[in-house]
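Written below as structure tokens is the structure these notes are about.
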Amino acid sequence: MKIGLLVNEGPYQHQAADTAFQFAQAAIEKGHEVFRVFFYHDGVNNGTRLATPPQDDRHIQRRWTALAEAHGVDLVVCVAAAQRRGICDPDEAKRNGKDADNIAPGFRISGLGQLVEAAIECDRLVTFGD
Amino acid sequence: MKIGLLVNEGPYQHQAADTAFQFAQAAIEKGHEVFRVFFYHDGVNNGTRLATPPQDDRHIQRRWTALAEAHGVDLVVCVAAAQRRGICDPDEAKRNGKDADNIAPGFRISGLGQLVEAAIECDRLVTFGD
Amino acid sequence: MSAGPRKKLMYLNRRAPGGTIYAVEGLEVVLIGAAFDQDVCMAFVGDGVYQLKAGQDTSDSGVKNFSPAYRALGDYDVNRLYVERESLEERGLGVDDLMPLTWEDEDDDWAEKPSIHVVDRAELARLIDAQDVVFNF
Amino acid sequence: MSAGPRKKLMYLNRRAPGGTIYAVEGLEVVLIGAAFDQDVCMAFVGDGVYQLKAGQDTSDSGVKNFSPAYRALGDYDVNRLYVERESLEERGLGVDDLMPLTWEDEDDDWAEKPSIHVVDRAELARLIDAQDVVFNF
Amino acid sequence: MTVLHTVNKSPFEKDSLDTCIAHALDGSTVLLIEDGVYAATRGTVVEPRVRDAMQRMNFYVLANDCKARGLGEDTLIDGIGRVDYGGFVDLVTGHDSVQSWL
Amino acid sequence: MTVLHTVNKSPFEKDSLDTCIAHALDGSTVLLIEDGVYAATRGTVVEPRVRDAMQRMNFYVLANDCKARGLGEDTLIDGIGRVDYGGFVDLVTGHDSVQSWL
């Protein structure tokens, strides 16, 4: 089946990002297609490459990036939510006059239409949040 | 009186950062000293300079920065919480091998001891969170 | 914007406005989603009914007031807003306490019709069950 | 590390572990705060009592298990952990379901003593009232 | 000691208000802020619990948060005081400590 | 349609489980995850409500989240199924839609 995921909370603060990752991995292992993971609300904070969690803990962003690299999972960060919260790629940084960007490899910034599209295109949409 | 503030949630997602700011401003207007605002948990996300909220909405980070500049309020971001969530200054970026930093003007990164110190030194500690 | 049959999409709102951003950012999804020409409705349950409370005024809060945006829903062809009766009653509210949201029915000489439909919990449960996708905000 | 009289500080824990980070990061404050030589206690109320549940094992969750860190509290001279009796009872728990946390009393020939004290709600209310500062996690 | 207790959660969604009331001593003060202000309105299923607690404690709401949510002064339970952010500050300095029920 | 309902909040702290139960039709499935798993344990004040709902719906818990919280299999209410993340996926694909009560 084609499955879409919606992640609404940032990493570490809530378990949502962990549960979503474990679910995505299990779905792929079962042969399903994870069509897209859409990061909304504080979920956009999953997509910063500037995090340095303790070495004996999981690195949430890198797990997502590895999932994207290994299985081609489309990791989409909502542009409007990202602008509010300070997640940007080089293009967004330039457009908004910022001197740095922080998007992690494997993530891309796009519009809310990508979420609605996922809901329509996928057989199931599963939401993880607070 | 000497008042310390603890902010435990990021900007926009929860009202905590807004309430804390309004409280800090009112306390200063009443002649009290806001000794320190300590940002913990997702509260550290108040301190990124990369946010670009909609132009007709408030800019939460810039309000904090202006408060620090106008009244010398000490805005401290917890280093451990910041590392988990991807908030860093040039020193932290270098130490952790990051190619960019995102701390906003007026904020500084320091340890949890700064929170305990504020609790001990201040006449009141007020917590804003979820 | 999409081939294939229309899907039944519900935007289910359970949170109060103000304390968190879920209501605001949820509404942004509804407005963007309107372009996809699906079978769309909204539901307001629990504290979600407070989103429709009339008279919201954030001028003393330093926060943007987004509640007028609900009035735009009719223009986006989002005109089925189901509000749970029990949730209103538990909060001492009636439909008169809510914003008077309407839409214009082009099939009925552009007559202005109410968008808000008060339904009881059992009916709302059946509506949720009948959706292809439910968004939770 | 601080001049002046010692303050009474309470770390009040109301959240379950696992679902959010508040318990973990709250514990980090307690361990750092121990260096300040204040009059410190912890309280566990509501879902906070689940933080002390014995047998927590995150090996199937891909998440760091921080519950052993509670065992270090005694070494940091944090040895008054008040657990609300009513909160335990509502959750079907007794003190035997909790980790057996202890500390060594240097004034009593290093006798090992229990750190967990089950108190009822009324007593906990008085304890909260008596603090100079309460941290909420 | 007299303690200022703050509650920022809707009483319909979370246990914060009930936990506050269960742990606040007689004579303390409860300030409702953010989504906590919904507890101050008349005609709700929560009103009896609030009125009961008002026998023992002083209740205030942050008026700015009421206005933002469309809760007019006429919808509030009689006897609940209204403060702005300056009044919030005065309540904080006027009590010995602040306990935030999140 | 048959709907999979998920609940990720403690039943003692938030209204998510009660709202779920009130809105799930007979024959649906409820999966407890994250802090929602506490609702599956025996001897709590919530147990009667869960047992009542189990007359009408199928209940599962995410075993990984139980283990992380120290909730052994022997502490769970009889009749609640246990799944791992793979079983969570199977429940999602085995129902027509998923409704997350956050």
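Labels for the chains are A, B, C, D, E and F, by order of writing; each one numbers its residues from 1.
The rule is simple: a contact is a pair of C-beta atoms (placed from the backbone, for glycine too) under 8 Å apart; a residue touches a chain by one contact, two chains touch by 3 or more.
From a predicted model like this one, the values you see are computed outputs, not experimental measurements.
Between subunit D and subunit F, the least number of touch steps comes to 1. With contact taken as defined at the outset, subunit A and subunit E are each touched by B, C, D, F.
Chains touching both subunit E and subunit F: C, D.
Of all chains, the one whose Cα centroid sits at the greatest distance from that of subunit B is F. Looking at contacts between chains, the pair that accounts for the most C-beta pairs is A-B. Separating the CA-averaged centres of subunit C and subunit F is a span of 28 Å. Centroids built from CA atoms put subunit D at 44 Å from subunit C. Between the Cα centres of subunit B and subunit E there is a gap of 26 Å.
Listed for subunit A are residues 12-13, 15, 22, 41, 54, 125, 127, 129-130, each touching two or more other chains. Annotation for subunit C: residues touching 2 or more other chains are 18-21, 46, 61, 63, 133, 136. Those residues of subunit E in touch with two or more other chains are numbered 8, 12-13, 15, 34-35, 64, 84, 97, 100, 102.
Contact between chains, per the stated criterion, is found for A-B, A-C, A-D, A-F, B-C, B-D, B-E, C-E, C-F, D-E, D-F, E-F. For subunit A in complex with subunit B, the residues that touch the partner chain are 10-13, 41-42, 45, 48-54, 61, 83-88, 92-93, 96, 98, 100-102. Of all residues in subunit F, only 8-10, 12-13, 34-35, 38, 41-45, 47, 63-65, 67-72, 84 touch subunit D in the complex they form. Every residue of subunit C that touches subunit E in the complex is listed here, in rising order: 15-20, 46-47, 50, 53-61, 63, 65, 67, 90-93. Those residues of subunit E whose C-beta lies close enough to touch subunit D in the complex are 1, 3, 15, 19, 22-25, 28, 96-97, 99-102.
Touching subunit B in their complex are the following residues of subunit D: 1-2, 4, 7, 9, 21-22, 25, 28-29, 32-33, 35-36, 38, 133, 135-136.
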